[in-house]
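In the two complexes that follow, chain A is the common piece, with chain B as its partner first and chain C second.
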Partner chain A sequence: MIAALGLLLGVTLGLVLTPAVPAVLAPYLPIAVVAALDAVFGGLRSLLDGIFDDKVFVVSFASNVLVAAVIVYLGDQLGVGAQLSTGVVVVLSIRIFANAAAIRRHLFKA
Partner chain B sequence: MSSTTRPPEPMEPSAASDGREGAEETTDGPDGRSRLVAALRPRATRSQLAAGMLCLLLGLGLVTTVRDQDSTDLSTLRQSDLITLLDSTSTRADRLQGEVAELARTRQELRAASGDSAAAREVARERLDVLGILAGTAPATGPGITLTLSGAGADADLMLSAVQELRDAGAEAISLGDVRVVASTYVVADPADPATSSAEPGDLSASAGSVVVDGAVVSAPFVFVAIGEPTTLASAMSFPGGVLATLSARGGTGGVEQEDAVEISAVREAVAPSELVPEDPGEGGAS
Partner chain C sequence: MNQQVTSVDHSAEPPAAARPPRAPDASMSLLRETSERAMDPGYASAAARRRATTPGGQPRPPRSRMSTAWVAVVAIALGLCASIAVITLRTPAAPGAREALVTEVAERRATVTSASERVHALRAPVDARRDAALSGGGDDLVAANRTGGLLSATSPVSGRGLRLSIDDAPGSRASAPGGDPRDATAADQGRVLDRDLQVVTNGLFAAGAQAVSVSGHRLTSLSSIRVAGQAILVDYQPLTPPYVVEAVGDPDVMAHDFAASAAGAYVAALEDAYGVQVTSTAHRSLQLPAGSVETLRHASTTQPAPAGDDAGAQR
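And now, the complex of A and B:
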């Protein structure tokens, strides 16, 4: 519940404050958001699995975001930024789909 | 691992109980739903707060990213994207440059063409002047000769020969007496002239007192005024077998004078064509 409230609050804050993204971080924010989405779906799944652990959730959230950003940054430095970010997005999407499938099985038994 | 204490030392009560249940029944629908319902109950536990904070961050990032994507700014693009953009932009610039060059060339051509048409108009005006002189509709002055023919043998035939020779020699304007000589000019013997009417046909020594030029009677001595290169015109009159030689052979007298400036004031009215229709592609047809 608090998580849902937090999400809503975050969206509202973003809409109201319209924070400016630092130019340095701008290329990594989309990837970081996708990684965070993956972490949230993973957390939801673990919640339904009954193995939710806040520490694991926080760490996985932070590490997902960081690793995604670092991979993209590395790709940019190596000159394959576009391809690597595509790869990261693909991997994260697969994970999100898998988590969503697990959540679906939990909620609807299908 | 003791069987009596089933909850294995939970860090946080709800999470620990969830974990225990999940460990026992991994994929159970009602359990999953009940866990979700349980999690939906607002409790100020640490896990709820942490999840709430992170979800807040996620929402913030999501909205910010969406907004960022809406306002496409070059500063948010990465290097490869910028290079691609630069490439396409420079390609486009090249293409536009080529187009500019082509259009400039077309403009140059059109400008030259309009200059050509101005020149053509100028030429046409000059031709109009020349043709006006040739057609006899305009008085003319210029260097030329005065040819005088009289005496025996100075008949209409000789006049025609003289006109022909003068034209051949490049005379631009000719008058005979008070009559302007043009393309349609005819010279015939004057039927009222007693010398010609009494003379036998073919008598070359017959002297004409007058001839009819374009319907006007011109009396001897017959004076031609011709504008053109004086030397050329004079020699065209006086070469062996020419007009003057023929005339003197027949017993007549004639002379040619070269002058720096002669004046032909006799004009002829331009006759509007009654039958022919000038072809004018610009105006479809004549009414």
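And now, the complex of A and C:
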């Protein structure tokens, strides 16, 4: 629970402060956001499954975002940044869909 | 979610007793993995660990205070990063992008300018050395080289000449910024076109000019005068009006011959019909820079070549 509260607090802080992002990091933002969404959906599903764990949630969130950024960085260095980003987005969105379906089954029993 | 496509033909593979049966959807394991293990396996293993440490389904022991604080801090940081990322992505393209491009263009242009200045500076010693090397072959070679350099515009030229200043008709430039070049209004008719500059420079050459430059760009036999958008490009360098055409030669003869030629009539028509402003002045000393960098395109030895003043080593 502390993780969800902390996340909410962080989001609010970001909305209030709106700091500028250095241009170097700009290419990694879209993938990082998708990875964060994936972690949030995974956490939501585990909450409904009754196995939510603060530490796992935070660690999976951070590692998802970091790995996504590293993949994009690697792709940029190898000249296949766009293709790798597409691959990452495809995999993450399949996971998001699957988690969303599980959540739906939990909530509506359908 | 769990059922996959199972219409794989098994008749080709005899079932081997030794190895485990091949999953019918083995070729789709990536999709399976992604969709079946969508939730982070960490949750399941953490739950299993809890069950193992607290048998009997008792409520788990509270986490240490330090660990909870860490989780909270990292969660706040992650939330902050996520919302910043989303805010940044939602704002339309950074307004600084255009300025950054403009700065980069200016920087690159300065690099080109300094590099070409260096080329021009290095040309004099190169010419001197070449003349020294050719002097053994007689004065003919040096003279032919000089002529070739003049004609191919690889050496700078100075001397008497004409200076023509050609400018858009008054009022036509007011509509220039942001205007659509496709709708030719009455005001646009007074603008100087690439065609006009082509006629003028060709007319000057026909009237006896030895060297011609347009706004500081020396024309060579390979120069181009084109238009892109609303700007006139000479050798792909955009120019701004007024366009200053300088021609080295006898100013009196050139002025007379130019006025009598078709190009002169064309310019007079431009002035009368469209209000294009053309002023012509004679100058005692015009300095024209060298044009393009010398490139060796054709070479032949002097011995078997027929003696004459065609310079074999010039392009």
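Rule of thumb we're sticking to: the second predicted complex is superposed on the first by the 92 of 110 C-alpha atoms of A that agree within 3 Å, B and C clash if a C-alpha of one lies under 4 Å from a C-alpha of the other, contacts with A are read in each partner's own complex, and residues count from 1 in each chain.
Here is the rule we use: contacts are C-beta pairs under 8 Å (C-beta built on N, C-alpha and C of every residue); 3 or more make two chains touch, one makes a residue touch a chain.
Computed from a predicted model, the values in this text were never measured in an experiment.
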Chain B versus chain C as contact partner of A:27, first or second or both or neither = first
Using the touch definition from the top, say if A:18 reaches chain B (first), chain C (second), both or neither.
-> both
Touching partner for A:94 - first (chain B), second (chain C), both, neither = second
Which of chain B and chain C A:106 touches, first, second, both or neither | first
Report for A:55: first if it touches chain B alone, second if chain C alone, otherwise both or neither.
-> both
Chain B versus chain C as contact partner of A:79, first or second or both or neither = first
Just chain B (first), just chain C (second), both, or neither: which does A:5 touch?
-> both
Overlap of chain B and chain C contacts on chain A, residues 2-15, 18-19, 21, 23, 26, 29-30, 32-33, 36, 39, 46, 49-55, 57-58, 61
Once bound in the complex, which stretches of chain B touch chain A?
-> 11-12, 15, 18-23, 25-27, 29, 31-33, 35-36, 39-44, 46-65, 67-69, 75-81
Residue set of chain A touching chain B in the complex reads 1-15, 18-19, 21, 23, 26-27, 29-30, 32-33, 36-37, 39-40, 43, 46-55, 57-58, 61, 76, 79, 81-82, 105-109
Which of the residues in chain C end up touching chain A in this complex?
-> 1, 31, 34-36, 38-40, 42-44, 46-47, 63, 67-68, 71-89, 94
Within their complex, state which residues of chain A touch chain C.
-> 2-15, 18-21, 23, 26, 29-30, 32-33, 36, 39, 42, 45-46, 49-62, 65, 91, 94-99, 101-102
